[in-house]
Structures are given as C-alpha cells and as structure tokens.
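Scroll down for the structure; my scribbles are underneath it.
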Amino acid sequence: MFFQRLKTPGLGHNSYILGCGQGLAVVIDPRRDVDEYLHLAHINELSIAYILETHRQEDFEFGSAPLAEMTGAKIVSGCHELFGHTDIKLKDGEELKVGTTRFIALETPGHTPESVTYAVYVEDAGDKCWGAFTGDALFVGDTGRTDLPDPEKTGENAGILYDSVHDRIAPLGDQTLLYPAHGSGSACGGNISARDESTLGIEKGSNAVFIKSRNEFRDHKLAEKMGRPPYFRHMEKVNLLPGRPLPLSTLQVLKPGDFQSRMKEGLVIDIRSPEAFAGAHIPLSYNIWLDGIPAVAGWIASESTRIFLVVESPEDMEQAVTSLARIGIDTVEGVLVGGLETWREQGLPIAMLGTTSAVETADRMQQEQVHLLDVRDEYEWNEGCIPGAIHRFFGYLEQNLPQLPKDSEIVVYCSVGHRAGVAASILKRRGFMHVHNMLGGITAWKKLDFPLDTPDRTEK
Amino acid sequence: MFFQRLKTPGLGHNSYILGCGQGLAVVIDPRRDVDEYLHLAHINELSIAYILETHRQEDFEFGSAPLAEMTGAKIVSGCHELFGHTDIKLKDGEELKVGTTRFIALETPGHTPESVTYAVYVEDAGDKCWGAFTGDALFVGDTGRTDLPDPEKTGENAGILYDSVHDRIAPLGDQTLLYPAHGSGSACGGNISARDESTLGIEKGSNAVFIKSRNEFRDHKLAEKMGRPPYFRHMEKVNLLPGRPLPLSTLQVLKPGDFQSRMKEGLVIDIRSPEAFAGAHIPLSYNIWLDGIPAVAGWIASESTRIFLVVESPEDMEQAVTSLARIGIDTVEGVLVGGLETWREQGLPIAMLGTTSAVETADRMQQEQVHLLDVRDEYEWNEGCIPGAIHRFFGYLEQNLPQLPKDSEIVVYCSVGHRAGVAASILKRRGFMHVHNMLGGITAWKKLDFPLDTPDRTEK
Amino acid sequence: MFFQRLKTPGLGHNSYILGCGQGLAVVIDPRRDVDEYLHLAHINELSIAYILETHRQEDFEFGSAPLAEMTGAKIVSGCHELFGHTDIKLKDGEELKVGTTRFIALETPGHTPESVTYAVYVEDAGDKCWGAFTGDALFVGDTGRTDLPDPEKTGENAGILYDSVHDRIAPLGDQTLLYPAHGSGSACGGNISARDESTLGIEKGSNAVFIKSRNEFRDHKLAEKMGRPPYFRHMEKVNLLPGRPLPLSTLQVLKPGDFQSRMKEGLVIDIRSPEAFAGAHIPLSYNIWLDGIPAVAGWIASESTRIFLVVESPEDMEQAVTSLARIGIDTVEGVLVGGLETWREQGLPIAMLGTTSAVETADRMQQEQVHLLDVRDEYEWNEGCIPGAIHRFFGYLEQNLPQLPKDSEIVVYCSVGHRAGVAASILKRRGFMHVHNMLGGITAWKKLDFPLDTPDRTEK
Amino acid sequence: MFFQRLKTPGLGHNSYILGCGQGLAVVIDPRRDVDEYLHLAHINELSIAYILETHRQEDFEFGSAPLAEMTGAKIVSGCHELFGHTDIKLKDGEELKVGTTRFIALETPGHTPESVTYAVYVEDAGDKCWGAFTGDALFVGDTGRTDLPDPEKTGENAGILYDSVHDRIAPLGDQTLLYPAHGSGSACGGNISARDESTLGIEKGSNAVFIKSRNEFRDHKLAEKMGRPPYFRHMEKVNLLPGRPLPLSTLQVLKPGDFQSRMKEGLVIDIRSPEAFAGAHIPLSYNIWLDGIPAVAGWIASESTRIFLVVESPEDMEQAVTSLARIGIDTVEGVLVGGLETWREQGLPIAMLGTTSAVETADRMQQEQVHLLDVRDEYEWNEGCIPGAIHRFFGYLEQNLPQLPKDSEIVVYCSVGHRAGVAASILKRRGFMHVHNMLGGITAWKKLDFPLDTPDRTEK
C-alpha cells in the first residue's frame, strides 16, 4: 500500500497520496504545484482517481483543479456550501469506496464551518479505523485556530471544535493514525508538534483539546493571538474558484543597471540570511529569509505587487518563486543576475544594518540609551519579554512604527533573528538610521539566564 | 522531530533514522551501504549518536560497524551473547536516553533468542509510549518466522514469540506506532502487509498473533514453510563480526569477446525481465530479474562465486551490485558492455526460451503431453496448484531436477512469472530443450477461473 | 564564457546555448521542450536575449516561440520568406552583436533554400572566426541531405550546397570550430560522424564535400536514398507558425481491463526491447524500442493518432511522451499501469514472436524453406545483403507487404535487430504467423564472415 | 565518440574522458575524487583502459592511482624521471594506440621539465591531428607559468616553453582542437581565457606565446608575479607517490557547545559569503568563501591542520570537504550543526566586521584618517591601485601585518570583495578593531571612474 506525506516547507502544510488498491490512488488537500503528486503516482503505477479536500484552505492555494484536469480525478468534499467547486459532496457519515479502501466523511466544524474529517478503513487492518485525515480539526499536539471565520466568535467556535474532536474523531479509537493538514510552522496553529507521527491515543494523553475541559479549552483558544496575514483574504476568494495551474515562468534575469531601473516599479525582496543582509544590501529592500517566504511574504506583498528578487543562488530563486506561487503571488518580475555580488561590482549603492548579540545588548543597556523592539507574535510576547522592550508585531510594523527619533539606537529582536531581520529592513526603509538585529533573539537571551519581564509591566 | 523509514528494495527491510532532540539522532538496524543515513543526518543537521540493533539479522549484512566508524556513534543492543560486537548492552527494561527521547529495551525472543524491542517515549507525547522498534518480533500483519534458529523448535519458539508479543509489546498500548525491521517482500515473514503504517491497536484487531490463541498460533507457525537461502549461514557469521564497509568497486566492463572468455570462471546472471530473457540470452546463463536479486541470488550464488552480469542499463548494473553487496556478495567481476545487444552484434551464440499464457497452457493440456512444473514456495503450493503439476521449489531445483526426458515439453509456473523465469533458466542450463515460462502464473490462472487442485491429490 | 551543446537523443539534434558577455546568452535551434535552456541560463546567471534559427527544421518541432515567450528573447533568422515568424531577419553578411560577441549571417542554401550559417567572433579570440553554427549545411563528416525540398532537384541542390560550403563556410578558416544542428543518428544526413568535436580544417581533410569534386559530390548525393517519414510534412507546417509549448500532461495510467477497452481507439506502441517484445506482447501492438521513437514513430503514427503505451518503467514512459512531443505528436492517451506484467497477471491474451541468430539462420537456409526479409533503408540494402533476401524498407512495409503465404517461415533482419523488431511486429499484426527477428542483424552476419550478395542479383 | 571535459571548480582544472573505439576509454589528468569518471564510463558503456598524465600537477592531488586500482587501467606518461609511478613511459614521438585512436607523446617542457603533450588522431578525421592534450604547456589564451621549478630560472624556462609550443605543438596545424589541463581560475596561469573551446589556429592569432617574439615572451613571463601557495610543496611530494583514494568521511557534526570546545584544537573556517561573515561570525574564525576554498585554503591551512567548518548548508559542507581533499587536506574534523544560527541561539559570542562601498570609502578618505589595504596578487597591484593604499598579498598577510595601530580605521579591498574578506578575517584575528571590507573592490572603484595610481608612487 503506497502512502506518502508531502510537506510544503514554510507553510507547515501536509498533503498526502494514498494507494487504495486496484491501481487507484487519492490525494488529500493538494497544493498548487502538482508535479510531485503526478510523479509519485507514475512511479508507483497508480491512477489518481479522487482528490479529497478537508476544508477550504486559507493559507495556501489549492491544486485540486489543475490536478483534476491532468488526471481526470474527481474532487471530493463535504456538502457545505463553501465547497462550491467540488464534484462529489459527501454527507456526514457517507462512505466513498476507492479500490479496496473506504473513506467515511465526518463533519468536524470549529476551525471553519465546512471542515470535514475522513476516517479511513483499509482492507487488511480489520474493522478498526486505520487513520484519519483530520484537516485542521486536530493536529499533532494542537488544534486549528478558531478565530478565522469571525474573530468575535473565537470562543464559540472553540466549543464547536471541542465537540467535533470529542464526538466525531475520538470515537475512532486510540489506534487511529493521525494525518492532519498541517504540521509545525503553520499559521493555522500556534503550538503544533515538530513530530509528524501520532495516533489518537497519543493525542488523548497530551493534546490540550483532550487534557483540558471544554471551558478551559475555550479560554485557551481565546488566549491564542495569532496574526492573520492579509493574503488570507485572497486565498479565501481563490479557493472558492475551480483553481489555477502554475503560471508559465516569465521571470527576467536582470543585470544590475536594469534591475535598478525596474525595481522602482515594485518591491525588492532580498531572500538571503539576516547576517548577509546586515553585511550589505540594496537600499530600501526588504529582507525575507528564503524559508520564511511562505509565512512572511503575505504580510509584505499582495497578489498584485511586482516583485524583484535578490538571491544567493538560482536554486534559491526557484524555491522563492514556487513559494510565492503557493500563496497566490505570481508577480515576480525580475531577479538580480549574480545576486548582490554583481550589484556591488558596479559600484552601485549598498546599505548595511547593525547586528548584535544578547551579551552585547545587555551590556549596552547598562551604559547607554538603547531602545529594544520585540517584533514577535502577540502570544509570544505575552509569554515573556526583555525588560524595557516595546512590542510591534513585524506584520503590522510598517503601518505602526515606533514613536522614536530616527537617529535613536534601536535593537530589534524576535525568537532567533529572522523576523527581526524583516523588521530591521522595514525600519531601515522608513528612515531609522541605527537599527541592530539581536541575532539569537530571545532564545539566546534565555540560554544566558538574563532577566525576563511580563509585558503588562512594560511599556506597550 | 525528524523521522524517516528507509526501505531496502527486494529484502523488504526497514531501517529508521530518528531525531532525538539536541541535534542527536539514532539509526535502527542499518544496512551495509550507509551513505543514505549519513546524507539524511547531514541535511537534517543531526549527529548520529547511537545505532540500535534489534537482533542479529540473517537476511542481510549489517552496516553498524562502518556507520559507527564514520560517525563515532555507539552500537546499542540487548545483552544476549549473540550481540558480541556491540558497545552498549541494555538489560531488559533498561533505559537509554538520547537528547530528549527515551528508549526502553524489552527482551522479545521467539524469532531469535536475542531479539529486542525498543519502546520509545518522546518528550511532547505525554507519558504513553509513542512507538516501538519491534525488529522481527511483530510485523504489520504478521510475525517473524520461528524456524530459523532451529527448525526442530519452530513450535516451541512460536510459543515464546507469542508470549513476547503479548507480555512485553501489547502492554505498550493501542496508541503505539509500530516500526518493525521488515515489510512485505521479506524472507523473514510470509504474510507481511504491503502497508507500512500501523499501530498496536490495529494489529490487535487483525494480526494472527493477536486473533489466534497461543496453540492456534503455534500450529499456524508450524504450517509456515519458508525457504532458507544458503547465504543465511554466511550472514550469521558475518553479523557476529564488527561489520564490513562496502568494497571499492573493481567491476570490469567487458567487451563481448572478453566476457565470453571470462564468464567461464564463474556464473553469468542475466538481470533482465523474464520476457527479455526468453526472447534471447547467453547460453547457460541464469535469469534473475533485477528486483529479485536480494531474494533469489542467495539461492544461486555464494559469497565466493565469481559473477558476470548481463544488464539492460548502467543504472540496473549499479542496483544489482549494491543488492548483491547487501547480502554479502562482493564478487561481481564483470559486466557485459552494452548488454545483450553488443553480444548478438558479434554473432555470438544466443539461446531462447518459450513463453506461454494460462489460456494456451490449458489448451495444450487438452491436446498433448505437457509437463507442468510448479516452482513456488512449499506454503504457496500447499494452498492450491494446477491439476497434474509437479512441485520443485526453485531454490532447490538444480539439486533436485524433475525426472523427465530432456526433450519433453515442460511448462514452468510460479505466482506471476519471475521465479518461473529463474527455474526455466536452470532447466535450460541442465539440458531440458523445450521449456516454457507460463507468464502471469497461477495469478492469471485464477483470474480465468481455471480449476485448481490440492497438492496431496497430485504427484509429488 | 559559458557554452554548451544539448543533444536530443534519437533525433541526433544539436542545439546550443552560448554566453555572449554582459550577462547575455543566445540559444541556437532550440527544441520544443525548453526547460533545459532556461535552467542552464539560470544557473549560469545569463539572460537569454536571442534565439537563432539556422533553418526551418523538418525533423522536429521548434521551441523558439515558447522560449521567446518565457524569456522575452527575440527570434533571429535569415531573411528568406520561409522565416515568416521570426523577429529579426539578418541579410547575408549582416552582423548581430550580442554582449561582446558578434554573429555574421551567411546564406548557405542547398539542404533547404533558407538555410543560414552563423559565423561567430568572440572578444578574446583575435580577428579570426571562432566557430560556425552551420545548421544542416555542414555536419561533422557529412552534409545535409538535398532531397527534401524537391526530390527531383536533389542533384541541383547538391551543387548549391557544395557552393555554399566552399564559397561561404570554407573561407572562415581551418581554425573555425564546427557546431552543426545534427550529429550522428539524424534523419537529415546518412553518414554523420559519431564524434561531435571538429573544425573546418579537420573537415577539409575528411568530409566528402571537401575531398570530392563538385560533380562527384552531386553523384554522391544522388546516390543517397534516405526515407522521408510522413511526419516531416506536419513539421513543415508547424514550423511555419509561431510554435507551440509542450501540452499539459493528461496521460491516463490505465489498468489492464481499461487499457484493453481503450486501446481499440488507436494504436498500441510497446517500447520495450525487441527481445522482451518477442518474449511476450499484447496482440496487434507495434514494437518501437524506446530510443528509436523519434526516428521510427513518425512512420507509424501521425499527429492525430491516439496512442497507448506499453512500457517497462515510468521513466521510460516519460521519455517516450517527450520524444513523441518533440516530433509533434501530443496524443498519447494512456499507458498500461505496471507494464506487461499486470496484463499477463490478469490472464489477458499475449502473443510471441520468434528470435533467431545469424548462425541458426544460415543453418536453416541449408535445410528448409525460409524467407529472408531485409527492412533496412534502401542505401544500406544497396551496400550488400544476405543472398536470397527480399527488401522492404520498414517504413513502407505495412503498405507494401511481401507476397508470401501467411504461414511461411519469415526471418526479418536489419542492421542489428531494432528495426527488424518494428517490422516483425507489423508482419504479426498483418497475420503472418511464423515471423522471426534475426537478432544481431547483418552486423553479426558480417562478423561471422557469412556470404553477402548485391541487391541487383537478388529478387527485389 | 564519447568525449567530455570535467571541470574542477575553484582550481580551474580540466580533466577529460575520451572514448577511443572498441569500448575503450582513456582519462586524461584525473583528479582525486574519481567517481565521476567511473560513472561516465559506465553510462557510456566504456572500459577505462589508460590514464594519461601530462605532467606532475602541483595544484591538486592526482587520482591516477585510485582510478587505476578501480578499473585496472594502466597509467601512461612521458619518460622523464619525475614520472616514477607510471606504468607506461612513452618516448618523445612514441605512439599509443587505444581502440581505433592514436596518441603521440610530444615532450613539451617549460612549465615543468617533464611536461608532455598528447597529439590525438581519430579514425574518421583523416590524417590531420584532431586534438591535443597540452597539459600546462598551452592554455586557451595563455601558457603555464614558468617560475615553479625554480623561480631563478623563470626566464630560461619561458624560452624553453616558447620553443616547445612553436616547435612541437604549432606544427600539428590550425585545425587542432586544444584541450589543456587548466581553464580560467587556475593558479597555473594568470590570464587564461574564460572560454574553453579553442583551436591552435585561434591561439596563433591571439595568444601571447604566438603574437610575441621569443624575447618579448620571456619578458612577459618574467613580469608575471603569481603567488605560490605553501600546499604546492605537499602536492609535489604526494604526486610522486602512487596516489591516495579519498578517505572515508569521519567528519563530526558538532553542537555549538562541542564545537566551541573542539575548535581550539585547530582552525575555524567560515565558508559563507563575505557579507554574511561581516554580519556575524565566530570570533577568531577565518572567512574563505566556498568557491574560493581550492585557491585560498592552501594559504591558510596545511595537510596537518585540524579544521572546523561553519557552513550555510549541508551541500556547502560536502563541497568544502571535497574541495579540501582535492588539494590534499583530509583533516576536516567537525562542522557546526545548523551553521551560525544554532551558535547564536545559544547566546555564544559573535563578532562583526564592517562593510563599505567604493563611494563611501572615497567620501571617508576626504574627511578622516582611513588606511587602505590592497590584498590582491602583486601583478594585479602593479596594474593600478587606489591612491594612498598599501599592499599586502592576502596569502602572506598573517606573517606580514601592516604596521598600524590596532585601533586605526582600515579599509581592505581586492578585486571584488572575496579575498578582502579573507584578509579582513585575518586582521580581525590579529586584533585590529576597525576593519572594513570594501565590497565591489577595485572593480566598483573603476566603474565609478575614481582615480587610480601606480604602485611605485605609493607607499609600499
């Protein structure tokens, strides 16, 4: 029985391809770039017969339609009206048989109203449920956030999700293998485990949705404060439609002079590491480290932003373009040939940023006027910060700059230094002259046993 | 938490690499070619700190020693005397902590006396057992064979295994993920599921060791008749020693004339499909289809046989050489450059074999004297055969030829046609002139609803 | 200076990508699947600025238009009216400067009327010509065929080509590197060297166009008898248009039963080796070995034939589909999942073909009535054949079957056995019952010093 | 005829594999990691029969012996005594026939006394020479340096080399393809063309050895001032012996704490870009950018230096280890797991370097006391420098530090910024506190039309 999890880096997204007997396969929650599903089907001599959607994804663009077009597969979902574009709509409890494998659709709302879990029964595993494709209802170590459909109803939806998990999923039994739509790193859950392999029995002993009471769980969800990147709105629209294949690449490789002219039409995104960006970068560029593109770019750019990339290598460029396409951004127009190296060889202007360490920052705080800026998510900030820091989530920073003189000394930090790099590039764009990225972030600060504060005691 | 199963094709062998926190990893039951473990450790930025052996493997050569040498890892096992070469010997119930992960050694004899299961507890999965590396004690859908240490004690060992599974493994709980040392296609179990993903709870509802009583299980194991390839003896010896790295490749690519001279020093193995071999082959060569090498070659060749290969492509050659090395055969001395094509262009002698289908065979049986030869394993033969067939397991065929005139018409069959290809090549070598491979085998025969017989009613 | 030759297997086609300084590159005579050019440009940090066409190719579909669309490059040609779709039309002797590199267009008709050679001058090689992209005017060891525009004018065009080479190309100097559009294996020249590296000076000492007189050369070209596959007409049409990108893959992986139903809508092409096809195949299928697809498929299928493939592996399938697309055939509709193995396991009908060797054939010719059928190109046949053979070029065989009883013993041969495999499959389709492929072909026959005859002394 | 050039990045080394007919191949001047030759031979179905050495290489370790051991090939050379370890010693003018291809050894001393050129004649190229493997006698656009055997005899050897090229190589004819042992980027020639494809005829019109007189050429060689990395001495020794295969990898992936302890045993080499190193690095580490390792590492480390690497990715690590092995350094003992990111997350100390641009430097020179340090090769320095700069070749910098106060402001530059990064890391190690790397180097300075000076007018 062929079975494989495909992880989408940076989005924490899991999709799956499952051989079902008789040469047939299903794909669960495919992403937009569908080559890998086709390839796996080919080399395992399987025909993709059905595509199962657990819910309308908000954090990436679906690949159901292009995959269906290429394979002739039918798109399957629950029967909620948000599944407008699907071919087969299963009622609650209804079975789909594929080859020798049976899928039972279970309505499991809470994360979103249309969410469905597919309980899977395979031929040689007896009568018990083999596994469950739970979408965003139940993750390893966490559950889907409940604030997306309506932030006002976060608590109410938490209760609905609690009931979905307890009444519909838990009865499948301890032995059930758990295959959710996201793993760690997803914007759809704040505390997903870095481990992919789990079962319902394991979750029952460790997951908040099981070890808390219904009320405690509601409070727990109400306390979750996760950002909602602006591109989610676009995904909500796009994923109502039959879906779009990847566009033909028309990316232009630009020489430094041409890049300099063209870059004024849009935004420059420099995908190198924070250290390299600090060392030298093109003035006014944003710094989004490569692996952070899926999670961060949707805060900076929209589907109509013209994007110009500064990259370290062609492979990095290709990954960046695919990562952007996965969140619906097809507007990368140019890339700087040869990266920053060719730029600086032309004598074109470069800018630098400061870097610093936790030790050095602590020293400076004793001696001089330094402003600390924490740019993490609100829920991270709430768990403890550096004494004296102020907080601005990096995603809202450009619209909500700190009220500080442009020549003040600012040390930016996040957990380890990547998001602080994004924030530092934003501050630099906005004219702050002395910006330093505290590399290692609060992780290093804690390792050194430096003091922490709780936000309510600090300036907000 | 990085975790990956590595499957060794043709052997049905599973090894595993598991990230344990703090940048450390363990490898469970590594094979001899260890590059892939090193590569996975590198790209996941892990240091391999321990190598866990579940038992002394009999069907392939261990890679513990070369992997330890390359990484500085310690080799871990139970404390049975057969684990003479290991660095750390865990007592029954003793814990090994690696990073944030805990391994508890459980003695689970039955398949072999020294067999150990490692129960794994990971940091964020609560108190329950996360998964178990069960070696050959418990497979998905099956258990390890119990005839290997002593065929006379098959039943006794079946009882011991039954107790190991029920008393030591079952208590770990339904939620426990199951990670055995073999999957389907292994010579260590006759009925392993083609599915890799399972849990103890799933097995409890479907695996013979759980749904049969202790006595029924013993009878079940006694009825299992699996071949024991001669190379197992060599593996038993080799796996007592500290292990050998892959040898430097000294394979010679030979021109047809040189191949013809050299091949007399050893055996010619033609790794093409049965159809291609039937179409044309070098006289006196053996036909072992590529994916069958790990399971079949140990019946034909020993660790001191000089081997000359006929291949379809260089990739196939490389796979063949690696497959042979995995079962301890490092003596491939030459390969025919350009495969059979260059051979026949030189006007060198070629031979052919007949092929036939189930329909044609059934027709011929009505009209003329045809001898049917079933070359499957004894347990397959016992489940039903073509009326009038005689049985010779292919592994013993060359020492136990059918008592038929050399000019009789012989139709050889197995399940689908691969092992029949091996057998046909053996008969041809031994002078039988009219040998036909019934392609599709008994699988096609059954699809066509042709009659079956039980062996005791046929000539044996 | 980045420079790379890209060979298209089976077509003997060469295209090139050349870095020209200042981050710019040109591609010469691109094929339809343009990914590789884009990839090479990316990793070498080059922007493809121009696409140079040497002539309207007749044996494969051009990729100029899709490559231009993806890169913004301009398509460059000579100014003959057959270059209707190009952006820049260079006059004879006109220069195109790209970066620091200069290209001079030279009109070199003969193979086709619009043929152009591009003489290249690079910055650091002094004043002498560095290399020449000669299209089909001058190959390594040969020249382009002169019968394509009008078979009646083969001799006349040979003279024109002779003059093009002597008057326009030869003066570039002995030192000039030679970069033609085809290498060995092309249908555009019968005797192209298997060596890719040459210079004008080397050709002057060895190429027929240089070592023969103008009249001798004309006679030489008149004696060339090369087949003209029917798909050339389609290419002539397609390559007048702006070009088509590769289609989206909609290939269906079919189970044996579905394959059996669907295959009646079109043709079954079995891409395995002649030996494997002989061993067993689906009745009525054609046998075209994988690497022979580009050269052979255009004789069997047109751009509107629905094609169903039998393959050995998924990689082979992908190569087959790409090979067909390169000659304009986008109509592969299905592939048999798992190849012939799954087919025969269902008990579905299979057929066999005979194989034989040169030695065995010679023996049989002494003893019984055997008909020999030579299916090579006419020019090969003219150079010598087996005594008593009759000739039918495989490309015309289905329309021109030999006048023999259906139950006669027929031995088919070609040079080594591939084209004989195609022919044997055609004869089998047409009801000939006893067809044998003489593996090794006339190559083996000659190695054995068996007698040859000249065709005029044999039945034609 | 299979033929392929294999380039070794960073060394500018070319080796070649040439199919010679009859299934045989030769390899010319192989490097130490021989997998690629074996792989190419396999997929082209060739048997490597001979290994040809043009001279005892000084800049990399030969792979002749391991390749011979793996293939059974014979090692071929000229008959000078420095070729002590070879199997076949050809006299001047003596022929070696391999398959259908002929090699004539021509003694062409000058770069080194034992240097040999192999003139190659292939079957279908007529009587003229097809190509020449010239070793370091004649490059594309340059010749081998003549100072290596004895700096005192640079001029004398230049004359000998001039005669070798004119008397032995030039007579092979304009049409001869040129295949030297090095391309651009080599330490064996200062001005080798970035173009790989050339012929003798092209060189005759553009190469200094042809367009200068014998005396002019001698002066030209005398004026060449190229560094001689210390590891050359080791190569001279090693390449007299039968050669060493690549060692088994025993590289340890170290956690930050372990790395910090272990790194004191040797040197830390940080292989990231100069920008990234400037942004943050481990105190006292050297910065050698990845592609610069073959050319630079031999100035910093010897064959007995214990090396600890800081890398960006596992692929980079593997390239670094291979690059070091190619110059005979097998002593990489550890790599920092996860690169600098894990280091800084532990709160461990980091250091920074300044970066600057040409514009900013020019501004600062107006306003304050800035010391400019040029670290290029002497011959580059002699061609023009920034006014006021002092010169220290980076390779000798650590033994020859500038006489400046440790707290002075120092701007380091090279051609574009890589070697300046090496030099800046050395200065930082030696206690200079305010070091800035002028990114873009003198290349940017010139693009901006800033003034240049000649060294003799500046402080030396």
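Labels A, B, C and D are assigned to the chains in the order they are written; within every chain, residues are numbered from 1.
Just so it is clear, a residue touches a chain if its C-beta (ideal position, glycine included) is under 8 Å from a C-beta of that chain, and two chains touch if they have at least 3 such contacts.
Being a predicted model, the structure only gives us computed values, none of them experimental.
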Hey, what chains does subunit C share as contacts with subunit D?
A, B
If you tally contacting C-beta pairs, which pair wins, A-C or B-C?
B-C
Could you give the separation in Å between the centres of subunit A and subunit C, each centre being the mean of its C-alpha atoms?
49
Subunit A and subunit B have mean C-alpha positions lying a whole-number Å distance apart equal to 42
Which integer distance in Å separates the CA centroid of subunit B from that of subunit C?
44
Two or more other chains touching the same residue: where does that happen in subunit B?
none
Name, in rising order, each residue of subunit C that touches subunit D in their complex.
1, 3, 122, 124-128, 130-131, 141, 173-177, 193-202, 204-206
In the complex, subunit D residues that touch subunit A
272-280, 312, 340-341, 344-350, 352-355, 357-359, 416-417, 439-441, 443-445, 447-448
Considering the complex alone, what residue numbers of subunit A touch subunit C?
22-23, 38, 41-43, 45-47, 69-72, 245, 248-250, 252-255, 314, 317-318, 337-338, 342
